[in-house]
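Next up, some structures in structure tokens.
Here come two complexes built around chain A, the first alongside chain B, the second alongside chain C.
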Partner chain A sequence: MAIKKQKELDIEEKSPENRILSFPDEVLERVLVFVKTHKDRSAVSLVCRDWYNAERWSRTHVFIGNCYSVSPEMVARRFPNIRSVTLKGKPRFSDFNLVPPNWGSDIHPWLVVFASAYPFLEELRLKRMTVTDESLDFLARSFPEFKALSLVSCDGFSTDGLASITTYCRNLTELDIQESGIEDLGGSWLNFPESFTSLEALNFANLHSEVNFDALERLVARCKSLKVLKVNKHVMLEQLRRLLVRAPQLTELGTGPFSQDHKLRSHIDLESAFSNCKNLNTLSGLWEVSSMYLPALFPACTNLTFLNLSYTALQSAELAKLLQKCPLLRRLWVLDTVEDKGLEAVASSCHLLQELRVFPADPFEQEVIMEGGGNGVTESGFVAVSEGCPNLHYVLYFCHQMTNAAVATVVRNCPNFTHFRLCIMDMRRPDYLTNEPMDEAFGAVVKTCSKLRRLAVSGLLTDRAFEYIGTYAKNLETLSVAFAGSSDRGMQCVLEGCPKLRKLEIRDCPFGNAALLSGLERYESMRSLWMSACNLTMNGCQLLARKMPRLNVEVIKEDESDDMHAEKVYVYRSVAGPRRDAPPFVLTL
Partner chain B sequence: MSPPLEHDYIGLSEISSMESSDKFSSSDSSSAAVAEDAKDHRPPALNLKETELRLGLPGSESPDRKEKVGLTLGLLPKSFVSGAKRGFSDAIDGPAGKWGFSGGAGSDGELGKGGVLFSPRGEGGAGGQHSGQGSAGKDAAAKATGQEKKAPAPTPAPASASASGGSDRGIAPAAKAQVVGWPPIRSYRKNTMATNPLKNKEDAEGKQGFGCLYVKVSMDGAPYLRKVDLKTYNNYKELSSALEKMFSCFTIGQCGSHGIPGRDGLSESRLMDLLNGSEYVLTYEDKDGDWMLVGDVPWEMFTDSCRRLRIMKGSDAIGLAPRAMEKCKNRN
Partner chain C sequence: MELELGLALPNNHLMKGFDLNDGSTTNSYRKRGFEEAFEKVIPFSSPLPRKTTLPLFVHKNGGDGDDENDGPQLKNPDELNSISGSRALVGWPPVKHPRRRSAGGGAGERWSEDCGSNSYAGGGGRRAKCVKVKMEGVAIGRKVDLCLHDSYEELFHTLNQMFPTMQHGVAYAHPHHRHFTVTYEDGEGDWLLVGDVPWEAFIQSVKRLKILS
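Showing the complex of A and B:
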């Protein structure tokens, strides 16, 4: 790494009494190389001018949690030696269609600046950004050392853009487009040259069209360092077997459909391919699992730490059999087709489990009444898991019914939650046994789990729940609220009581201007605030904007009818001033 | 074979434009694919898609259904409207009050009143009832009236049903209003889940070895689905009476007028006559995704191939019978 020295020293810094450290800057920079996290680096940069400079010269990776909080020019000015950039764009609620299309967060202006400031850029990791094919092409041609591209929940590009990457990036090690909204124009994008062998990670699981399998097979065969391979739904079992035979060194595998494939000669072949994969720690994909083929997986499960079955409509019995083969499992994602019985199997097999996510198979189904059969998971599955998995610290749980008592039991069994995201899918649903609000449930969570960093609440909630949160959740950083609360007081309690709050996202709550303005002092220490379908008015937002000039207060206005009501409000701190690329429906106040 | 358009009881297709192209490796625009798919499915005489009940927003484009998956039960104080996947901007048409539903919360019986609520086309009066809705498509507003009585009230959700200590799952508190972005599932997951996993679930439930054969039963105009275990019945008669009991609250005034005395000794053909005579017919979706009239095939064959049931308006099902016969013949 070339460390350029720029001597802009003040005289006083040379005199020993004023120097905090009495060894040369070069040494300091060498030491700082070992400071990795961006939080630590930010802290280092605040110590004194020397340290600020040493830090900025030695930083190689920059993380920007909100692409509008700073401009690309500012980043380039401060950090001259960046090799890796992580950028996040749209507010998280855009995942749920609450942000209109063409809102912004286009990567292109960043790429233009990077092309001149960081010609040796190696890595770009984007989340919720808009990326066009032109941008991908520009990227592929502008950065000869480019190695890793990760696009999570991005949109705006097609397989043509991917073709540019595979054609021009000679040193590519990683290509990951998970969960991005990509326009699929066909499978011919996978056209790495035959001389290309550096690939280590490839994830195209969400692509809809078939890729050229021969090209894929040859690619896998010649890339001996390939560790991560996640294919899409068109790669059938026989093809998967062939890939596994060529890449037994894989550590992460995403399969295609795990069901009937006429081309597969026998289960034994498949099973033997899996048994050669001794290093697998992550398994995903498994679309359309047929229980006939599931056992072929078993030999590869012994070292699994992460099993993602969230697209697999597994039943409880099948899950139980599979989990028995995964003694080291730490993270498990499932669909609620496994039901409470499946969760009981989790509890009995996965004692090391740290993270559980249960997704709904039929989230939009009208309420279904069962005659004795199950439908999704309930509070009893949740309690069962907590009893069997004391190390649980991350949960995302979608259900239709919950009780305060069950949640209290869960956190009593697992007091180490850092991420607690409970989604009772029926809006404003009370405790279905006592008919009370779910306040006490979340009260128990925040009282018991002192390490809680992320919380998502649901069900019928009054201000009391928020009083609890404000009183107890002292480490809370992210809070998601929907259809909850009774008055401004709820939001005020949170803003006043949670000193570490960074992201607050609220929808459809009775919080108004008073609540918004009560957080005046807070927003500059937060990354962002989102409020939609609350009781905010344009006046309230304008007042906030006027009082806090270093915040961008944006109102998304989509219809002309009610001029006073501020339907969607996005507030974030920024040193770059108001957006210059705001579309017409985004008003910066 | 073209993927079944998953319709829930009010006929909303969950398949997004992205997902529908999954099964076609061609590069046709997905909308073409879906349209063709729908056409393959249905005989020209019976365009179920158009006649199916769905909720749209005032001013929303009714025919372009693959984009709209939301229902609107607009009784909520905020402007809770459509689950349209694109543009929230499409969805909003002012606060919910504009919906102006006739009658407030009512009893179940009200649903049965005035079958006009559920006539999908031609009546036009449905649209007229909601003059405040603007250019509601012919499909749009009428269905909503039937739903509104079940929409969650602004105050805590009706508690009576859930207060019974949980032993009786009983009647759901309220039909869910579908709202943009709720439940909070990422678009990618939504789109992906639209076909395969659902099919998986149905297939899995249909497995003989499992000892039960749960299929969903929906009824046009009912605010929620039921699920029944086909294995608990031995013939069509038992199934029919069970369904009759389950959905009787929704058919007050329908069957009554035709008087169904002497339900004993109901043969398969009698069932058909009966159903043909009444306002509603019982149909099912088979393994291939086709909708057929119940009663055409022997019971065992029916339970083998039935994936879900739907009680639909007799007028909607006119084209079904002949096709079912043909298909049967082709099979045998």
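Showing the complex of A and C:
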């Protein structure tokens, strides 16, 4: 298939120092096959020329964290034998509508290059990329060995594009469109041929229209290797039961609504279907849970390690009952409808818990006020979990009130946080008991959690918080900041003090040109910097662009009102030069 | 149960003795979050009281909550209500896919599950245009997703279902004579009669609805 270089080695002519490096390429490449992570592979490639070459010939998977940092042609030139590609596109704040539509990160130019360079491509994993139906069709027809397609938070395609995939990809093992903005034209996109049996993972949970259930049932019945199945809201309990009966080997299940289905004859049938699923480790979906049906799940919960209840408005009592059945739980995602009482149940049942995410049920406060207040979770729920779950290392916590003391207690109980994301939803909210800023809370986090890699801050914060971060967070890689800080000094502290910083995203902070320029030396060792609604001007950005030619400094200009102000700035390192596909509202300086 | 909307003093958190937190309601400081968005950033240690004007600052797209204070002064709690209901700040809180409360113990109407801020989700979901509907004399307001309707007839049908007294009113009065008047507030803050403009134009400009008897 790929033509390997044959290098003649004349050992006598090589000096003794080089002899250790001059064993045949084939051997080195065989050894390097065992080096898997892209970080390790990058390290290998930097050792010497021979190793660089051996590495590039033996690499089968390439990870590109920013699709504009390199061009597809460059990737194809360096790595001839790629089978699997992971690509990420838009800046993360595009998830919150801060990036205008049609910004870019179109997969198509990549597919065109891959079609000729990697005709045997097997896997494509995309995050925040734009993917059109034409691209999906092109993909389906260009890569006969194609196996796995994962589209996370992508947009631009419809169910028609999915139909191309299911029709033409004969060897497909994985189709995952989670959280993607798909235009739902309905229809029967799930039209794998009857001879098709290779599917191992199928996730269409966020699709709004019904799929053809008969086709789905037949598909599930004949794909004996199916391990992951996540259906959407249209698959009711009786249909779910039928699917489970056909696929007891599932390890990951996403259900539809878990509520009243008059087609379901009895709870016992449902419960027995679940009890046959002895290998389930992940459970999600569960929209509209009715407590009447919840116990049917219990037999399948014994081996659960990941429970995603973030679409389920569960009350604390129901959660408590469910958690008692999940002794091995490592990861739990819930809505704040469970309130502090629910988190106390987590603390008493889930001693092995490593990750907790608490999402707000009503973040934009649009709901009619319901009976029982619905205050979400507070600092006491947070403290309770930290007391019961000492292995906690990942937290994402949305709340309306927090105190410095509570956060200090949490990290004292759980000093091993690697990911600490606290979102006090009320902007610039101080410690609600002392009215102090929340500086000391995050100070405690960075002082105590030496392994911290990702941090998101919130609440009222002065430059002091950032001084703490710069002083103590030596392993920090990702920092998210909103409505915080008092002056340029805050951002400067972080840029000067955090050597491993790779991603910095800032919105609505009083950081200006001085802060931006203080990071001149840093940006080339970072993936990207995002700053929106700060105090940056076009002059400041232009200065940065002039001084650092290997950075792309892009300003998103959406209205003509203030020419001097740089409303949204995106800075990233790139070896591909300025974007050639930038829309008119993206100015590359 | 009337919704309690207090306009908290903007410099509340600088006044230690003043306790708005009586523990039973959380409305007051939830709303304060949005109030704080509209004020200039003042260093925490500043002795100066914050400005007391709270401009009506409603973004549609693009605006990132810059603290520009040139807007009309807030007149009444209803306007504060409208800010919090109509997306004053893009992308905050940073929730990707609003996970709405589904039919828990309370109101179980299907529309309330779909109605939400799906249009926030950068990558996900269908569009939804939810507007608040308040009926004169009825304590609790509702919300209706206009994107689920294609015409005024459909909208009135939904409103009839939401407000049963409205239905009775229609039944007892002449069957063809709507006893209740449905009005809406448009983009410019004017209150107009529902039904006068073409449906598409209505959808673009409507901010909220009010049913008068």
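Note that the second predicted complex is superposed on the first by the 561 of 589 C-alpha atoms of A that agree within 3 Å, B and C clash if a C-alpha of one lies under 4 Å from a C-alpha of the other, contacts with A are read in each partner's own complex, and residues count from 1 in each chain.
In this section, a residue touches a chain if its C-beta (ideal position, glycine included) is under 8 Å from a C-beta of that chain, and two chains touch if they have at least 3 such contacts.
The structure presented is a predicted model; accordingly, all values stated were derived computationally and were not measured.
> Chain B versus chain C on the shared chain A, clash or fit?
On the shared chain A, the partners clash.
> Applying the touch criterion given at the start, work out whether A:L185 contacts chain B, chain C, both or neither, answering first, second, both or neither.
Touch status of A:L185: first partner only.
> Which partner does A:E210 reach: the first (chain B), the second (chain C), both, or neither?
First partner only, chain B.
> Name the contact category of A:S486: first (chain B only), second (chain C only), both, or neither.
Touch status of A:S486: second partner only.
> Applying the document's definition of touch, where does A:F585 land relative to chain B and chain C: first, second, both, or neither?
So A:F585 only meets chain B here.
> Is A:R128 touching anything from chain B or chain C once the two structures are fitted on A? First, second, both or neither.
So A:R128 only meets chain C here.
> With both complexes superposed on chain A, which partner does A:C154 reach: first (chain B), second (chain C), both or neither?
A:C154 sits against chain C, while chain B stays out of touch.
> Please pick the stretch of chain B from 261-269, 279-287 or 297-305 that overlaps chain C when the two structures are superposed.
279-287
> Show me the chain A residues, by the header's touch rule, that chain B contacts in one structure and chain C contacts in the other.
In the superposed arrangement, which is not itself an observed complex, chain A uses residues 93, 95-100, 153, 179-181, 184, 206, 208, 287-289, 310-313, 315, 335, 337, 359-373, 375, 398, 423, 425-430, 432, 435, 437, 460, 480, 482, 507-508, 533, 558-559, 567 for both chain B and chain C.
> Under the touch definition given earlier, write down the residues of chain C that touch chain A in their complex.
Interface residues on the chain C side: 1, 3, 13-14, 16, 21, 26-27, 29-30, 32-33, 36-37, 41, 43-44, 61-62, 64-66, 84-85, 87, 89-107, 112-113, 115-117, 119-126, 130, 140-143.
> Would you mind writing out the residues of chain A in touch with chain C in their complex?
Interface residues on the chain A side: 90, 93-100, 128, 153-155, 179-181, 184, 206, 208, 259, 287-289, 310-313, 315, 335, 337, 359-375, 398, 400-401, 423, 425-430, 432, 435, 437, 460, 462, 480, 482, 486, 507-508, 510, 532-533, 558-559, 567-568.
> For chain B, which residues count as touching chain A in their complex?
Checking each residue of chain B against chain A gives 8-9, 14, 18-19, 21-22, 25, 27, 69, 78-80, 83-89, 92-95, 152, 156-157, 159, 162-163, 165-166, 169-190, 192-193, 196-201, 204, 210, 212, 214, 216, 223-229.
> Mind pulling up the chain A residues that touch chain B in the complex?
The touching residues are 93, 95-101, 153, 179-181, 184-186, 206, 208-210, 233, 287-289, 310-313, 315, 335, 337, 359-373, 375, 398, 423, 425-430, 432-433, 435, 437, 460, 480, 482-483, 507-508, 533, 558-559, 561-562, 567, 585.
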